[in-house]
Structures are given as C-alpha cells and as structure tokens.
Amino acid sequence: MAQVAFIGLGNMGGGMAANLVKAGFDVNAFDLAPAALQGAVEAGCSAAASAVAAVANADYVVSMLPNGAIVESIYIDGDQLLDAIPQTALIIDCSTIAAQNSRRLSEEAQKRGISCIDAPVSGGVAAAEAGTLAFMCGGTEQAFEAARPILSAMGSKLFLAGGSGAGQVAKMCNNMLLAVHMIGTAESLQLGVDNGLDPAVLSEIMLNSSGSNWSLEKYNPYPGVMDNVPASRNYEGGFMNMLMLKDLGLALDAATGSKSSVPMGSLARSLYALHAGKGNELRDFSSIIEQFKKSP
Amino acid sequence: MAQVAFIGLGNMGGGMAANLVKAGFDVNAFDLAPAALQGAVEAGCSAAASAVAAVANADYVVSMLPNGAIVESIYIDGDQLLDAIPQTALIIDCSTIAAQNSRRLSEEAQKRGISCIDAPVSGGVAAAEAGTLAFMCGGTEQAFEAARPILSAMGSKLFLAGGSGAGQVAKMCNNMLLAVHMIGTAESLQLGVDNGLDPAVLSEIMLNSSGSNWSLEKYNPYPGVMDNVPASRNYEGGFMNMLMLKDLGLALDAATGSKSSVPMGSLARSLYALHAGKGNELRDFSSIIEQFKKSP
Amino acid sequence: MAQVAFIGLGNMGGGMAANLVKAGFDVNAFDLAPAALQGAVEAGCSAAASAVAAVANADYVVSMLPNGAIVESIYIDGDQLLDAIPQTALIIDCSTIAAQNSRRLSEEAQKRGISCIDAPVSGGVAAAEAGTLAFMCGGTEQAFEAARPILSAMGSKLFLAGGSGAGQVAKMCNNMLLAVHMIGTAESLQLGVDNGLDPAVLSEIMLNSSGSNWSLEKYNPYPGVMDNVPASRNYEGGFMNMLMLKDLGLALDAATGSKSSVPMGSLARSLYALHAGKGNELRDFSSIIEQFKKSP
Amino acid sequence: MAQVAFIGLGNMGGGMAANLVKAGFDVNAFDLAPAALQGAVEAGCSAAASAVAAVANADYVVSMLPNGAIVESIYIDGDQLLDAIPQTALIIDCSTIAAQNSRRLSEEAQKRGISCIDAPVSGGVAAAEAGTLAFMCGGTEQAFEAARPILSAMGSKLFLAGGSGAGQVAKMCNNMLLAVHMIGTAESLQLGVDNGLDPAVLSEIMLNSSGSNWSLEKYNPYPGVMDNVPASRNYEGGFMNMLMLKDLGLALDAATGSKSSVPMGSLARSLYALHAGKGNELRDFSSIIEQFKKSP
C-alpha cells in the first residue's frame, strides 16, 4: 500500500491523518507536540522521529501547518525537507497560506524534480474528522489527478482552481465572500428586527428571494431561527472568528499585492478584528451579529 | 367580476394591470400620463378620468407609484382618494416606499374603515409583464388572504412579512443584502482574476462552497461566465443601478430611524452612488464590477 | 430694548436665553416643560403661557428644538406660530434639522412676509452657557446682518453658509468630517500602540505632520495624552455619541437626497450606531476609540 | 569631513544626496541605474562602482530604496552590505518599508556591532530637493542624535518615534490618517456642493470649526478653492496615488499582523486602489475627490 508522510497533526491534521489510515494508507506521522503525535499513533499512524524521518520512503507527503513561515521553514529554509523527499513523491500541502508561499514551495520542489500541489481545505474540524472536507487545489492537472486518491480519503469535494497557488487564491476569495455575506445577512436580519420583523419570517422571505446566500441557508446567525447551527448554541463550535480573521488577512495581503480594490472584504476584516478583539476569538464567526444588537 | 382600480401605469404598473385584465378582472385604470393610460386601454383596461373616478365602485384599489410623497399626496393630502374609496374595498399599495409612509396610509385608511396592505414587489419589468413578481406584504392575515386573488394574477410568490409596513421592511432588507452579496461577489471574482484565476472556474468553486449566493447562482456579474444575464449583454436590461440606489436609500433611512448599524449596507449605498454617478444610472446593477476592474 | 421670543429651553436653549438676558434683551420664554421654563425665569426671562403668547410683540423669534417634525409642527402645522408672529420680526431657528425642513419654514415665513434664517450651532452645552457658540447660518445677507446682535450675544463665531437651509448643510458636512477624522485618529493611534508606539509620542508626531486635524489638536481620544478633554475623564461630558449619531443621520439623509457618495461618512454613522448601541449613547464621542481596543 | 555612502538615487534619493554634498559631506553614491548615478555625480557626489565599494570607509550609510525586499537583499541576503560596512558607521535607512523589515535590518546590523535607524520621510520630491523633508525615526536616542547632522542636512523636522521600526509605524499611521481625512474632506465638500453650497465658503467654515484638518488647511482637494495646490493644476505634481496606495498597504499589513481593526484606513486603501486603477496612479492623491463627482 502507498506510503504517506503526514506533517502537522493539530485539530485538523489529526482527523485527516486518521482518515488516511482508515482508507488503508500506511501513514508515517510527525508533529513537534508529543500529545498530537500520540493521538495519531492511537489512530493507527506510525510515529516518525522527525519530519525528515517521516518522508524517507513516502509516495505522498501531506502537510497541514499553521502559517506560511512554518511551511517555508520546514520544507525549504530550516528542516530542508525537500532535500529528503524522494523525487517520485507528490507533495500535497493543505495549509492555508499566502499564494506566494505556495508558489515558492512549488518552485523549489520542481527544482528537485518533485511534484507539488497546494490544497487548502474548507469545512472545519468536524469535516476533517468525517472525511468530508472540500479541497481547493493549485497545480498541474496531472498532479491533481495523482493526488485524488489521497484527497478523496479525506474529503468529498475536490476542486482544481488553476496552477500553483491557485488553491490558496480560490480559498481566500471564497472565504472573503463568505465573510461579506455573513455580515450582510447579520445586519439585514437585525435591521429587520429593529423595525419590527420576526427574524424567522424575514429569513424565510430572503431565502426565497434575491437575498439568498449560504449564510442564510446553512448557517443562520440569528439565535433560534435554525437548529443545529452555532447561533443556537451560543456560538460554540463552528468556524472560529480568529480563523476567519486570519483568512481575511490573507485575502487583503493578496489584494495589496495585486493592487485590487476590495472594499467589502476590507470592511469585513476590520469588523472581524473589532469583534475578535472583544474576547470572541474562539467563538463561531456567525456571532458577528452580536455587534449589531443593542445592549445596555 | 370584481372591479379593480389601478393607479400608476408606468413600466411596472402597465404590465401588472394587463395581467389583471388577462385574469378576468374589470380594471379601471388611471395615470397622469396620457401615453401610459392609452397603453392600459390597449391592454383591455377602462380609462378613468381621474384617480377619484377610478375608485368609485372598486372592490380592490391597486397602486404602483414612484415614491412616498406621491402615495401620501394621492391617497391622503392631495387627491384625498381615501374619502372616495368604498369602505368595502381593499387597498393594495405595491409602491416601494418607506415603511412609515405605508403605516400612515394604513392608519388613515383604517380610520375610514378601509383595509389596506403594503405589497412592494421584486422581479422587475420582465416579471411584471410575465406575471411572475414576488410580493412582500405587510398587513393583517385577513387582508393578505383577501388580496391573494389579485396578487396571484400578477405574481408567483406571495409573502406576508408582518403587520402594516412590514412588506416594505422585508423588501429593503432583502435588497440591501442583495447589494452586499453582489458587490462582495464582484470584488471576490475580480480579486481572483487579478491573482491569475479564471473567473468561470472560481465562480464554479464558490458556487459549490460557502461563498455561494444568489448573485453567483443566478446573476454572475463577470462578463462571459453565464449566458442570459446582464453581464453578457453589456449590462443592459435587468435591475437598474438607480433603482438599487433608491432601495438602499430607503434601507438607510430605516436604519437611521431605528439607530441600527448597517456598515455593509451603508458601504453598498455609497458604492452604488459612486457607480451610478459615473453615467451608469440606467445600466444593470451587476455592472458594479466595473469599478473593481483596472482601466487605462 | 428689543423683544426676543425664545422657544425651547433645554440644555442648549436655557443657556442661550440666559445670555440674551445678560446682553440686555427682554426675553419672553416658552417651553412645554415647567422645570425648563422655571430655569429661564430664574435667569431673568419672562415666562410666556404658550409659544403663541411668547411671540406676540417679538422683534426676534429664536427657537432651539429637538427635530424637524417639532419645528414644522410648532411654526406651521400645529401651533401655527407663523400666523402669530409680527411681520417685522426675524425668525432665527437654531435647531439642527434637515435642510429641507429649514427651507420649508423659510418659504412659509416668506409667504407671510416674515424673514427667517436657519442657524444651527456647534459647541455644546458649555459653549451655550459661556456664550461662545459657533453659528452656521442660511438665509439672505440682510437677514444674517439683522440677526447679528442676537447671535453675537450667544456666540463668538458667525458664518453665513448661503441661502436658506445652507446653515444646516454646512453643519452636517462639518460634523460628518469631524466624525471621520475622530475615528481615523482613534484607529491610527490604536494601530500605533498595537505596534509598540507611545500614544503621546505618536500624537505629537502626527500633530506636526500631514495627519494633523482638530481631533488630534483639541480633543485627543487616547486616555492620558491630553488634559481637560473627555478622554481624561472617562469620556464624561463633551459631545454625546447620540448627538453625533443624529448629525450623521442628517448628513446621510442629505446624501440620499442628492445621490451623493459618502463612503467614509456612511461608515462613521454605522460605527457610531454600533458604539452608541453598546450602552454609550450618553458618553463623549471620542470614546469611539474603545471599539478599537482589545478587551478580554 | 565625514564620509557618507548613499545607496539609491531615485527621485527622492537624488535630491537628498545633493543636499548632503551642499552641507559639505563627502558622498560616495551608488545606484544600479547609470543615469541616476550620473545625476549624483553632477551634483557633486563620487560614483562608486558598487554598493559594497561605496560603503568602504563610510561614517554614515544612507539608503533610499523602493521596498523591503530590496532593502533586505542589499544589506543582508544578496549584496551582504552589512559585512562590508565599518563597525563605526551608522546606517540611516530612509526607505518606506514594513517595520518588520526595519527591525530585521537593525538586528542583523547589531549582530555585527553596527548602529542603525529607520528614518522614512514625508514631504515628497520637492521637499527632498529643498532639504525640508520630515524624518520619522526608529532607533536608540544615541543613534538618533548621531544621525542628526545628516538628517538636518536633508530635512527640517526630525522625530524620534521609538525603538527600531517605530519610524515606519509612525509614518504609516500618519499617512493612513492623512488618507482618511483627505477622503473625508473630499466627500464632505462634494456633499455640500451637491446640496447647493459654494466649496470655498464651506471650506472656510469647516477650517474654522471642528472639521478642520491638514487636507483642508494646506491641500484643499476642490479645484479652484486654493492656489498652488495640485487641485488647481489638474492634480499634477504632489503626492502620487500609487504612493499613497503603497503606504496604505503597509499600514494594513501592520494591522493584519497586530490584529488591529482599522475600518476607515481599510476603506481608504480600497478607495485609493479603485481610484488608482482608473488610470490615476501618477496623479496627486487629492484627485480622489473626482470619484465623488457625478459625470456623464
């Protein structure tokens, strides 16, 4: 069976590695945190002594790391993993980082004859555990197809957005738009309520009209309108404000680089920074509606 | 057959009155503009000599007028139509106006024992002609049910949003949210393109992800991505920027009245004012994406 | 000595009427609230039994009322004060209201041969008591000159902005700009502090550079940087958030009417609505900086 | 006389180097562009064959480079200038770059025993030539004092903002605030004009009221109100939109790093991106007012 090296076993990576084991892959796992590594072992992975050790005979190297500086440090400048990875291996970096970081990784890999795709995910911890993540990928069609067995074991939706880095761009565009319609939905619902409407009735009307969007359909931010969403459990679980803030930061960095005007996305970032800064970093991102409610 | 008085035969009202005729109603129509009145006659309406004459024996009074000042002037302060309408009639005002204008009309009607609902529409001229408008209504359930035969002859979706004025509030909330996700969609697509993505590929990915919304699904603003939308015919037809600007103005007036914070909606109004002010008043509202494109 | 009728003796009007007495005018005062009227009597005014009674022999009618609906009701539609005011009198309305309300008052006055100017103030309660208000006036030059003795008794800066209503427009433009640079100053200072700078040092640098503005010079929002400003007394006193919110609402109403794009002013209104809605209605408007501080 | 190495002789650097010559310093200049180098020679500098050659016996190294990547490349990663600079020299980097780039340069210099300050300027090409720049510096007080003779030869205002990188932070905060009040001034003036006011009269009123700010006082954006400003010469000369956009990008990068909410600054960046993107990159930044004017 194919050998997978898995680097980065946090909340997301842990579930993803476990799903690779379930799908029958031999997984050599590594994480600097012993507890995370122990969890992976319990899920059926082998514990590697280092990142370099993990990749020794890998057919696939999968990584899930917190930011671009760490990705560059592990693969290129610090651990120099690229020099230890077999030329026949395929790198699948699932970290959410700047497109330019992904492009540098890909170029450095290519210099050594190694294929690489960026494959950031959407769906959160629950989807990581359930194997229902969405992957937005950047790379060649050939590399994307080669990655399919691995990605299919961890997710249910696979998209090829374009060449190297395109997966990152697609994810940041999507999440910026998500932030915009979540806030737009929140302030529209609250405006309706402030003017005497029932939030459930207004939600139903807009859901069947041109205001319809994913936030309204799957993730209504107004408490009590929809069951089984964070708004109905005090915004616990779900997609944390600090992660939305991170993704919006990446989107704005990209906009700065390309001199793009993104007024709604910029405003969304500042509103999430304001909201997260008031002690809400760990709460679900639909809690932004609380900023629009009057309180004594 | 029931008698309908129809006041206001513009682009929208003309098509609506014609559909009432087709459904078998006797329609006494009035408009200050002779050409508009003539068009209604050709569609099978009787021409009334004045608004007061039109309502003489009406079972229903339907009005479609451009703003709240005109609605108040015709019904209350100027023509004093309320004093000429039979007590047994039902007033269905389809104008898009401030909720407070609708509430005043309803209160004044009630003083005279006349029932009244506000029933602003969405769908535009094409839907007015096709009889597929959506109506967002405010009034009692009884009045809403009484209006159903009339509304069904002109539209395909009927919503009761709450008491008097609630139809207006629902419409302005919906259209504010529409403006927000249209602009958000436009700037997200352009950010993706500025960073090397194909707009059709990015659209497909976001449509199947959490960025999904009505603008992306039915009304893609990027030229060439979707057939049969304004973006594919130089933004002709569709929903004009000046009308979106008007609706956003109503939403902000409501927000001012209720001291509500609507940062995304406010920004949308200013961006539509900027865009409309550059000679785009009559073009479709998805043309806002042109503001985000670089040009020499 | 000239006779002045003074209508509206709230926090602002009370101090203004007292200064007219001090300057030697005979002041016939009226307010619906007995306590307010009593205060004016203690300051040397005569108490009138009604607004109509107050204006009987007036050379000047000065009014300071909370909103446009009340101004129109007292002068025109309700008390019909215009029919009781001598033709030789000059009306000086100091209320902060929409320009269209001021223009209607002026037109109705003119029909009866009475001169009228709008003269909204800036400076707050302290300046009203000290007689150091600024007046931004709209009307003819002749009426402005005729008003000068009265205005000089209550204020230290007199501006003629243009014809009827222009005083209102000038005030709302000024206060919108004030809100914009106050928020801009607040977020710039906080960004500096978040990146390691001393707020006093940064304030000094920007005050001597192109970032300089009235908020930085007279009203630093960062606690401890400047003495004798609201920021140094927990934002008590000063110019209340609810009043800034009201003025921004008037500015946006004007922008809606003239189809103007005011993105910064719109955002300022939403941020003040958010801030006021969190229990800060009565605190000074420089407290907006608290929204940009992180708190647990 | 003291030896100065000057690296980077563009529009700004050329004038600055010339002023050092005028003040009596021996200036060894270097630039990759032969024409720029030739200009410096004509101003009295000696031409160095390389950056490394220029610094050989320097008492001061002054650099004026376009971005942080180039600064890091020349001093550290590429040319490794730090290894060629005498330990007794003082580095004065006048480039406008991210604070983190300045801090890395300072740390690397310190490792080699070399002192370093960041000293970004404000004032533009005219001030560079006239020797009236403002310098916002980051570093120790000792280094700042040591730099004073050099800075005084090129500028008229010297500020010490704090430790290493603080000069960059101060400049980006100041310029963000400048952008905010410039746009606020522009939209307030245009709102007034759209509502019937004379822009000169309104400017005068706000300048004497709480709306007062540097843009209104020194740099009125409305054509015809003030002489000798870019608005009176079709926005030629002055501070280019592309440079303001760059500075706002640096400010937002800092805000992303510190998780700060900067709603006004963010909106300013998007409006400048929109404006620059319409062919206005090289025009003065006060031309932003054109976005708020209606045009056919």
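Labels A, B, C and D are assigned to the chains in the order they are written; within every chain, residues are numbered from 1.
Assume a contact is a pair of C-beta atoms (placed from the backbone, for glycine too) under 8 Å apart; a residue touches a chain by one contact, two chains touch by 3 or more.
Worth saying up front: this structure is predicted, and the values here are computed from it rather than measured.
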**Chains touching both chain A and chain D, listed by label** = B, C
**Prompt:** Which pair wins on C-beta contacts, B-C or C-D?
**Reply:** C-D
**Message:** Just the number, please: Cα centre separation of chain C and chain D in whole Å.
**Reply:** 39
**Message:** Can you work out the whole-Å distance between the CA centroids of chain B and chain D?
**Reply:** 50
**Message:** Between chain B and chain C, what distance separates the C-alpha centroids? Give it in angstrom.
**Reply:** 37
**Message:** Where in chain A do residues touch two or more of the other chains?
**Reply:** 255, 259-263, 267, 271, 274, 277, 291-292, 294
**Message:** Which stretch or stretches of chain B touch chain D in the complex?
**Reply:** 263, 267, 274, 277-279, 291-296
**Complete:** Seen from chain B, its contact residues with chain A in the complex are 99, 122, 134, 136, 157, 159-163, 165-166, 169-170, 172-178, 180-181, 183-185, 187-192, 194-198, 201-202, 204-206, 208-214, 216-219, 251, 254-255, 257-265, 267-268, 271, 291-292, 294
**Fill in**
Within the complex, chain C is touched by chain B residues 245, 249, 252-253, 255-256, 259-263, 266-267, 269-271, 273-274, 276-277
